[in-house]
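Take a look at these structures.
Both complexes shown next keep chain A, but they swap its partner, so chain B is in the first and chain C is in the second.
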Partner chain A sequence: ICFSVVRTPTDSIVAQRRSKNKSYRQSYRSCLGAASRLGHTPGWTVRRLNTSRRTKSHNITEKVNPEHLALLVKTEWQLSYVTPLYQFRHTQLRSYSRQLSAFITAEKQQGLAVEVEGTQTSFRVSFSVVQGLGETDDDAETVLVQIHSKPVFAGKDEAQKLVWSGWLTCINGNPEYLHSLPKDFTCLPLFGSRGAENLTSLVKSWFQQTFDCCFGPLEINQTCQQWLAALWTNCHIESSIQHLKMIWTLPVEPPLQITYTVNPQDAWELWNSVRTPLLERREEEEETARSIDIEEVTRFMQGLMSHFYRHFRLDLSAGRLSQVSSALGSAKFSGRIKMSNSRYVLTTLSLLTECALLKMPI
Partner chain B sequence: MSFLKSLTKYRCKCFFHLYKCTHLNTMSPLLHVVEAGTPVQGNDELEKNLVQVEKVAYSQGLPPEAVSIMLEFAMSLRMGKTVFASASKWVNWGISMWESFWNLIAEMQRHNFPINSYPSSCPCRASHYERNKKCDAEYKDGTDCLLFSSQGRQPFLLHLLSLYKVFCPELVTLSIPSRMKSGFRNHISPWKSALIAVQKRNGLQGASSISLVFTNKDKTNPRKRVCIFYWVCSQPSATQSSSRRVVPLVELHSFAQLLENMHRIELPAQMGSLLGSSLALQYLDCVQDESALLRLNFWLGPSQTSEEALQFLNKLLSAQHFLQEGFSSSEVFLYKFLNVWDGSLLRPQILGLLSNIPVVPSSRELLFEPLMQLFFTSSLFFKVGFSFADTNRSNLLPLLFKVNRKKINMTLSGFKDSMMELIHFVGRLASVGLQLEGCHCLLLSFVLDFYETVCDTFLKYGLPLIVMPPAGVFYPALFATDPVSVDRLAYIMHSNALNVQAFHISRQTFREFNHYVVVMVNCLWNSRMFHPGMGVQLGEELLLKSNVPQYGSSFDLVHHPAFMNYAVNFHQKVSHSKPWSWYLEYLFTQGYDGLKHFVQSNISWQLKADDGQVDSQQR
Partner chain C sequence: MDNTVKRLLERLVRRIPSRMLKTTLDKWSRLTATQRQSIDYTESKWALTEKLLAICEVFMLVSPWFHTDVIENPNLGMWYAFQLMDPQDDAHSVELTQFKEQFKSHLSELIRHVSIKIKKHTDEAVWIRIAWGDTFSRPNHLKPTYVVHYLQTPYVFLSSLTSKQKPLLSQALVLSTRYQAIKDANLSGRKLTAIRDLLMKQYLQVFPTKFPSPLAERNRVVSNLHIEKEQAGSAANRHQMACEAFGDGLLPQLQSAVYKLETKFRDHTNKTMTERDEAFRCVVKFASTNLLESLRHSASSGVASTPVTPLLSSVPLKGKNYFVITDNGPGPSSQMKPSQK
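And then the complex of A and B:
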């Protein structure tokens, strides 16, 4: 329901606000003026990805529980976005674990009238907080969900195995957006899952029922993938990327898929050549903490595409980038992400958090 | 083996928090913590207390916390074969109440009010329980798992479990020997009779009629009976025990009930369920709870892109129509969607959503651009049907025009500006559209229709607005080959003339208006078309090349292609030349009222005696 508060440019009369709480949402619409509502309204500049980002690598191995880290890294996650959770409490994780395991067991057993001994699989769910993963105080703590269960035809003494895991996180979320939400909401917009699809949908429906939130698919679009390619290449000195592989899909009949692998050294040299010269930047910035601009990323990709064109006479910009991967991770358009090096987890997750926040309905 | 004797040591955990229950303060003897290890059997004091509790329960009812405590007590007793009568009664009671609550919840779920957090009045939040042979019996209040044991054989528990199994088979996993099932023909009666007794005491007789409808779906297979248990209450059960009880919004069915309980309404766990209920929307609109509205908006977002879009959008539209305003998330959705819309998918719904968007100056880029692209790349009939036709309700421009101004607290001038912008936008669409379609008369007629509506903005919307049709509309109408278009143009100019006299307009508009009137009169009347300053400029040589004699009069009322056949008709009917005014009268009788008004208001002439030629002046 729109809080209809509009300040027209010709008049200085501001219409009365209906609600007593001065909320960001109401105030942004009062500044409409001639500017487009979604693009350039003061404050709400993030309906597009940030144009520049820091590239500092973070050594989080000391801050984060190594088990959790091992789980996060080197696994491929399927991403979704989540609208803010209503009345989610980090203090009630044990209760949530029990509720979710009961829910899953009940759903699995629906329709079964009589138990057949031995095929009953019990699910043990554990919710835990991954501490040390956040950077700012505005971000809610990352929550990790794990489901253990005995395999179907396991022997009596076999331990339960991890069959599904997922996490909800918010890294470097836009502070204005986070502050604009009322207190009851917890914003953890990025959701990653790994495991059986039916368990994923059960977990999602439990969250939807319990916290009145909504899940939706999160694609890793072109810009985001290009950012990742550039960020990874930028880290080549610190940790070798070993190769930079891109998979393009061209819209021809039948569709053509091109795998374009670049030698890391070549990629690094190209990257260096497109970077804005150091003289133009502030001298205080360290080499490793320099920020990257979208223009540099675009130039980098242009360089790669024009090189391809020179050799094969195919313009890759007509197609679509469907996957980017290197030794530091891989990202697919369908929303699958893998982070292979713990040093770049935070940077990747911040980028993905931004993508998820872009998908918020309001 | 006497179990009675061997049961000297048992655990009994009783934390009687009954202090906190206001209407049980008569039960002071109960209010102390008993140590673990206190014998239960032969404990007179305990038995007395239990009887007391029972008495109070039957007379006044117990609050949920008390019931849960009693259940906990009962469950925590380790007993052998001997059944401790009072305790088992509590167990019976607890479980049958539990299943009633469960079924009530199931019933509500069936009616699409999803519930995930159980209302605070429900004592038992178990979502399932299972039998585990090895574990001890434990009942944790407010938690999820209820584990029963078969330490010794506890037939009462088994009987109760099998009862539960009958109602909700998916939630109980145990295998029942068939001989046990026979004991439960009349399971509802203890609960039912007790409930009626309590209600009678509380003076609710006749207030709520409780009918238990028991249908046995599958009679053939005794092992797998699926029974549906309806609990039908004609009124919400307003107990007098708690005056501060919150009323879930889903329980209210009439506006009067809403008003009565306005101060203690509990919103459902999922806001999306409220979309179809006008009562709930009224409540939301009144209360303006930001969290609730945010939740609704969040829910709307992804739902709008889901598969069952049609029904969902219809529901959303009726909600918006009811509230007379739009949701901000559907605005955002529309802005994103319009860029990829093909114009025909779910057209009525999308147009409906569009009509709820406040027309603010900033909507230009977001709204107009995609609509314009859509318009220009479509066929003639699509253009007409989509944009201008007012015949059915699913067309764009009339909807945009009917802006609900009340919900936008805009000033009059702001509103006027945005309407002007909208009309200019339509003018642009119309001009280019006419060019693209070669001034097709169908499109032209609808465009002129639109401008007729524009003339009436003051009458219809109270907005003193005068907007001239752009040149791209005016000239095609003036030179149109069908008389109706010319007539309508004349009507538009005439109405604008009236408006010009009525309100204050800018100099620019006045100049425009004058120019058009001059052109029109010169064209139709003074036979001075194509003369310098008359709007359409054509070079002298071109005009000569066209070999049209007297090109100045080529578009006057006699020679205009639209009126040519009337002139011929007139000439044929009339034997000898008649005064000019007769021809005009003849034209006017053919139904061209617009022309009539225009001529009468703008042109005055003096008749010469018997001559068709006139001197004319324009007013």
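And then the complex of A and C:
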């Protein structure tokens, strides 16, 4: 049903699998070596986010398991990037569940000299595939990891609760890059997690050990946040954003936080006024599915900032944009994202996949 | 002993930091010397509370705690400033005893079950603690309202007041202070002392002088002599204007300022929006651990252009931190050309 779909390049390169004891740096350097041996430096000389984005909203409620979807949209996720996974098989998920479960239990037991009855928390891990999220055949299927456990002093009949969840995904990953990866590597560059920090690090450790990959923090930088602000505002007619809120932090002593909340209708009118006019209307492109260019986003933000400057004579660009939010979701510089509306999950994940691919040290 | 009273005592003891417990209880005149000595401060707070409950079986606990609870810690919760308007002829000669009698009698007339305690503090502030009840229930001492009024000034500060209680309290205040109305001063904050200082201008103000001389900056960090020399003039200028707008030295600790903007969008590069008749509605909130210092530093460091815009300098000038800006009122369209250099 689901295989890791990575096309093998024409020259077959054997990626030397380092032993598990060696450090991660060596393993992704081997990947780097492979890529350069291929002679492909696919589009990575221009290391910027795409300057144009499709804005089509996707009704994925039919395609995706409702439980999975509900989990995705109801909560805030902490993002990381992940380097490609070596020999990850979508068919082995059951085995991975057992392995990770054993790994976590073992780590938690470290330091206990004697096995104490009844005070252990048992962890049940489940790996599953979130079908229906991918857009292209190049994207590997999204993997969801959930950890259930019983609280320490729970009664016998109390059910296990979901204590941690995370996912790895690749939506609209750059096809040149994906094709350039050596055989046996699966690219799922975007990792989102929610739950206790110690469990997150355990899960990451296990992935790093098992698939020779590397995790790193993914910030949602200013450009990315501005894209989201524009994308959300663009959707106002379809799904009301209720407000557009932006938070800046200014580097003064003591630090000053400025929260700028704009009425949704006024934000939408401003956005509409900065759009590049369509010279001719193409038949297949509906109004809502037009692409957005970075220039339009920049003009939008400049409009907002200049209105602010007119009143306060304070230049917001002197500070850092730390958060944008609306009824459709929120994005923080620290790498926390919330996608509140299922229609825009794919657009958001596309943008974030791009950010993750750019941030990766390859 | 009544359950509510027990709960009140537990709650109050919990709020006092452990290290201050002995001094607080010593100040409490209801305990005799022997009782005070019998309290073992090395015990846990919980054990101590039980001990106190045992000692205080017969006493009503409310009034002595009033002093230690809030007066010593006036930074619990939000305070809102109000201003009395239109004084009558004898408003300025209202003195403490008269105010106390009048306030108690007016408020008790308006609401059946209410417990009022009035106390004058050393700094001329009159503190009022009100526990509200109604026709059917006794006053609730767990959620009191605090009022602070400086006699002979029109300023009143309130904490923990519901919308139902507001008209009753306003009425009582207006009648007992001999004014005709009371209005929201649009100033709020967590620190009572800060909003008081701001409203009553009790902080170091700086006035424009004919011969401006650079104010000596504290903690000058000399990074590069050449840059310093180049920038000295404009830096000094910015610093002077920042202090003129916000004050010098330690500034009252205000946490936030909110501006509700309902002005038109005007940008010569954007014809569509400029031609719009409707206002561009947005709300801007500035927040910081010490807002005035942040704003002053923004001005002196150049992040905010000087001279400081009236919107920001209105915070200390008018003693307000909530503003509604329209094109007719205080706003960019009515901004005057900067008269200071």
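In this text, the second predicted complex is superposed on the first by the 311 of 362 C-alpha atoms of A that agree within 3 Å, B and C clash if a C-alpha of one lies under 4 Å from a C-alpha of the other, contacts with A are read in each partner's own complex, and residues count from 1 in each chain.
Simple rule for what comes next: a residue touches a chain if its C-beta (ideal position, glycine included) is under 8 Å from a C-beta of that chain, and two chains touch if they have at least 3 such contacts.
The structure displayed is predicted, hence computed values, not measured ones.
Q: Is A:A106 touching the first partner chain B, the second partner chain C, both, or neither of them?
A: It touches chain B, and chain C stays clear.
Q: After superposition on the shared chain, which partner residues are touched by A:W164: those of chain B (first), chain C (second), both, or neither?
A: A:W164 contacts neither chain B nor chain C.
Q: Looking at chain A, does chain B or chain C touch a larger number of its residues?
A: Higher number of touched chain A residues: B.
Q: Can A:F123 be said to touch chain B (first), chain C (second), both, or neither?
A: Neither partner.
Q: Regarding the shared-chain residue A:G216, is it in contact with chain B (first), chain C (second), both, or neither?
A: first
Q: Touching A:W268, do we find chain B (first), chain C (second), both, or neither?
A: Neither: A:W268 stays clear of chain B and chain C.
Q: Which of the two partners, first being chain B and second being chain C, lies in contact with A:P361: first, second, both, or neither?
A: A:P361: touches chain B, not chain C.
Q: Regarding the shared-chain residue A:F191, is it in contact with chain B (first), chain C (second), both, or neither?
A: A:F191 contacts neither chain B nor chain C.
Q: Determine, under the contact definition given at the top, whether A:P84 touches first (chain B), second (chain C), both, or neither.
A: After superposition on chain A, A:P84 lies in contact with chain B alone.
Q: Using the touch definition from the top, list the residues of chain B that touch chain A in their complex.
A: It comes out as residues 114, 116-117, 126-128, 143-145, 169-171, 173-175, 223-224, 226, 269-272, 284-285, 288, 290-291, 293-303, 305, 323, 325-329, 331-333, 335, 358, 360-363, 365-366, 407-411, 413-414, 417.
Q: What residues on chain A touch chain B, complex-wise?
A: So the residues of chain A in touch with chain B come to 1-6, 8-11, 13, 15-16, 18-19, 21, 23, 25, 32-39, 83-84, 86, 95, 98-99, 101-103, 105-106, 109-115, 117, 120, 181-182, 184-185, 208-210, 212-216, 360-362.
Q: Enumerate the contact residues on chain C facing chain A in the complex.
A: So the residues of chain C in touch with chain A come to 259, 261, 263, 265-267, 270, 272-273, 276, 278-291, 293-295, 297-298, 301, 303-305, 308-309, 311-312, 325, 331-332.
Q: In their shared complex, at which residues does chain A touch chain C?
A: For chain A paired with chain C, touching residues are 250-263, 266, 269-270, 272-274, 303, 306-308, 310-315, 318-319.
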